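Notes to accompany the following structure.
Order as written gives the chain letters A, B and C; numbering starts at 1 within each chain.
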């Protein structure tokens, strides 16, 4: 199977998956969540055009998402007010144009520098924009933000986009278009030179390319797609406020891309789906969910820098050569101590959180993993610390074996490959 | 008017010196290790909270001594067991590590001390009026802050100019790759610099806590301004960081004190600027550092006193 | 024959130290020109000055009659001068083929094109394949450049340099660190790629220099002290004293 055929097949599968998801998860919550995932996928992939493809670490990517969101919401209101016959599916184009516009404006300043300085500038510009939105209340609506009613736009072949399912399909179509476009971009001369600039900016200059120009174009295109995501977000929520362009939002897209894996095109897609899922479900389960996000991020940075996609990629040759079975015993032996460590860490955080935050108002009695306990007593603490210690020791004892098994299988798989 | 200028100058210099206490550590760490420490302002916050906790239990002065040392120790541990691990993955990973760390510290602080500001008080021994000018008084505590910041500045200056360690650090500022060749235990030097930088930030937090607001968002509010300071001053330039700290301190303090808007100056025609016409200078004070950043990048990309490109 | 490269009274100081001290050099079109000189004479600095990596304190650099002093590296490259590096300077995560193709793209006019698939660019791919053949790395087509052997990386380094078809090629110590057989390989390669082009080369291995060069310039302490045919340089007394003598007897 040639590479092109494989790629086309993958995109066909992606399209089918987008189409049938609502049949599998038809509930309202699921539809909303999947809509948000679609938005997050576009946003995270646009971010990875910078970080993964061009080697530019931005702490202010939400600026383009948010400003485009505001542009989209104003456009929706304007269209409704002036009774212009534009329907909702075309609003993301407004977002794209707005994203591109602000990308050109801010990119012309920030892409003069690369590396760490670029990262700092992106942060500074982000803060600048946030501060300005709080000053210009007329345009940005202050704390409440600006809202719109998507159902009041001209219907599109009869669809008014009131029900969530219609919005889902609108997002799915745009998501597919953007993913395909961003993938195609990596297969162009420009896309390759982005990688070259990421790998070795100096050499890129000596084969005729202005690295500053490459960074600038990458930045503008990335802002364009972030703009589409921002508009899709505005359509989903029918509301945009300063949160959309805040530093938190910028941090979130960084988290998605990095956990998913910045080294691979599809990594941020995994990250976007996973983090959106966690964001919505974790916040119901625990009040310390932001702390878990932070710990997860640090964990990936320290021990798993390739992210999930990197992990999959490492195992691809092993799976292909049929050697994955040999890894199973040592991997499953690891499962128990890993579960123990996770349980220990989560338990201690939950206990601490309850004791420090809730105990004063609700009393120290609590339920932990469904078991009634009391965070003010020593017993649960001791139990969890003991669990953590034992699991940790067991992990340390059997980890070398698993690593060795992986190394052997990997060497064999690569040796066997043509 | 005269009192406004006097007090704003005093406060501006004070704020600038506080900024420099942090920016100096940040610059040293960045120049020597290539790590932009995103969590630097978090150490400042931890310093303030430790100072608060110790002053509540024992007293302000023990906190003044112990809290910065604790923060320094935490900094050294972070370097030893965190940063050093991710070093092999490159500078982006290091930066991301400190980014995640800053996030976790904020969450932990919220968990331990709550989301609301804590009541970190000026010690009674310093709770009096230092002097009076016309109708306005100036608190002694602010004079104490200024004295501490200046003392730290002198200390840092002497260490850098008069000691062997200082010479190594200076060499490392201009030629980071050469330190290893000088035959020094580079990891130990890094750990020490990181720890001392954290301790300095912690000290800034301890003394700033009672005067400003000790709250979980204090790191996130200050951190970006620190980055502005070191970019505007010029990366790797301590003198630049000093100039930029004072500049931003003064400009921001004066801006806050000026309660005029464009509409006040040019009259109703300012309406063409919409909201912007009615905004007072005081309201745009938070934006000023970032505008300065943009201006410097457009007209002098290496910063005021910098000559390093990256 | 017209002049390919002309340096006039070129000077470069780092702080108070002047490294290049009024350097004059002329390289004719189609010539294989070697620069020799003791360590620290300023050979690499001269390469950096010509290729735009650093800018001279004073003096001019002319490429085919055009003043290129102070231009950026990419601007100089687009005018037909391409260089290699002493320390291998490749795109480590890209495949060998893609490394070469990066060297081809600008020259074929694809610039920052993001509306064409790179795999469909027949001319760019054909040219890259040709270069792959030429440098003998066709078997390593899909290997990430970062895991090649040292000698292969050096060949790739030359491949990237010549891929764009520049007519003035500058090679900075192309055989440094190579074994005898690897050096022989490299010399054959350099001979092949320099046909019909102007070659400027810094090299320490005298057998390579005298085997390849039509003309040799001797750079000592920031100045060219002699620029002549290999026979004349071998006979030159000043050169022997300053440099060659020690090398030859060593």
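Throughout what follows, a contact is a pair of C-beta atoms (placed from the backbone, for glycine too) under 8 Å apart; a residue touches a chain by one contact, two chains touch by 3 or more.
For clarity, every value in this text was computed on a predicted model and none was experimentally measured.
Fewest steps needed to get from chain B to chain C, stepping only to touching chains, is 2.
Taking each chain's centre as the mean of its CA atoms, B is the chain most distant from chain C.
With centres computed from Cα atoms alone, the innermost chain of the structure is A. Distance between chain centres (mean CA atoms), chain B to chain C: 48 Å.
Computed from the mean C-alpha positions, the centre of chain A lies at a distance of 44 Å from the centre of chain C.
Distance between chain centres (mean CA atoms), chain A to chain B: 31 Å. Listed in rising order, the residues of chain A touching chain C in the complex are 4, 184-185, 187-193, 195-196, 198-200, 202-211, 213-214, 217, 221. Chain B contributes residues 30, 34, 36, 82, 85-86, 89, 91-93, 95-97, 99-101, 103-104, 107-108, 111-112, 114, 220, 224, 227-228, 230-231, 235, 274-276, 279, 283-284, 286-287, 289-291, 293-294, 297-298, 301, 309-310 to its touches with chain A in the complex. On chain C, the positions that touch chain A within their shared complex are 51, 53, 72-74, 77-78, 82-83, 85, 89-94, 98, 101-103, 105-107, 110-119, 121, 124, 160, 163-164. On the side of chain A, the complex with chain B involves touching residues 55, 57, 59, 109-110, 112-117, 119-121, 123-128, 131-132, 135-139, 247, 251, 254, 258, 288, 290-291, 293-295, 297-298, 301-302, 305, 352-353, 356-357.
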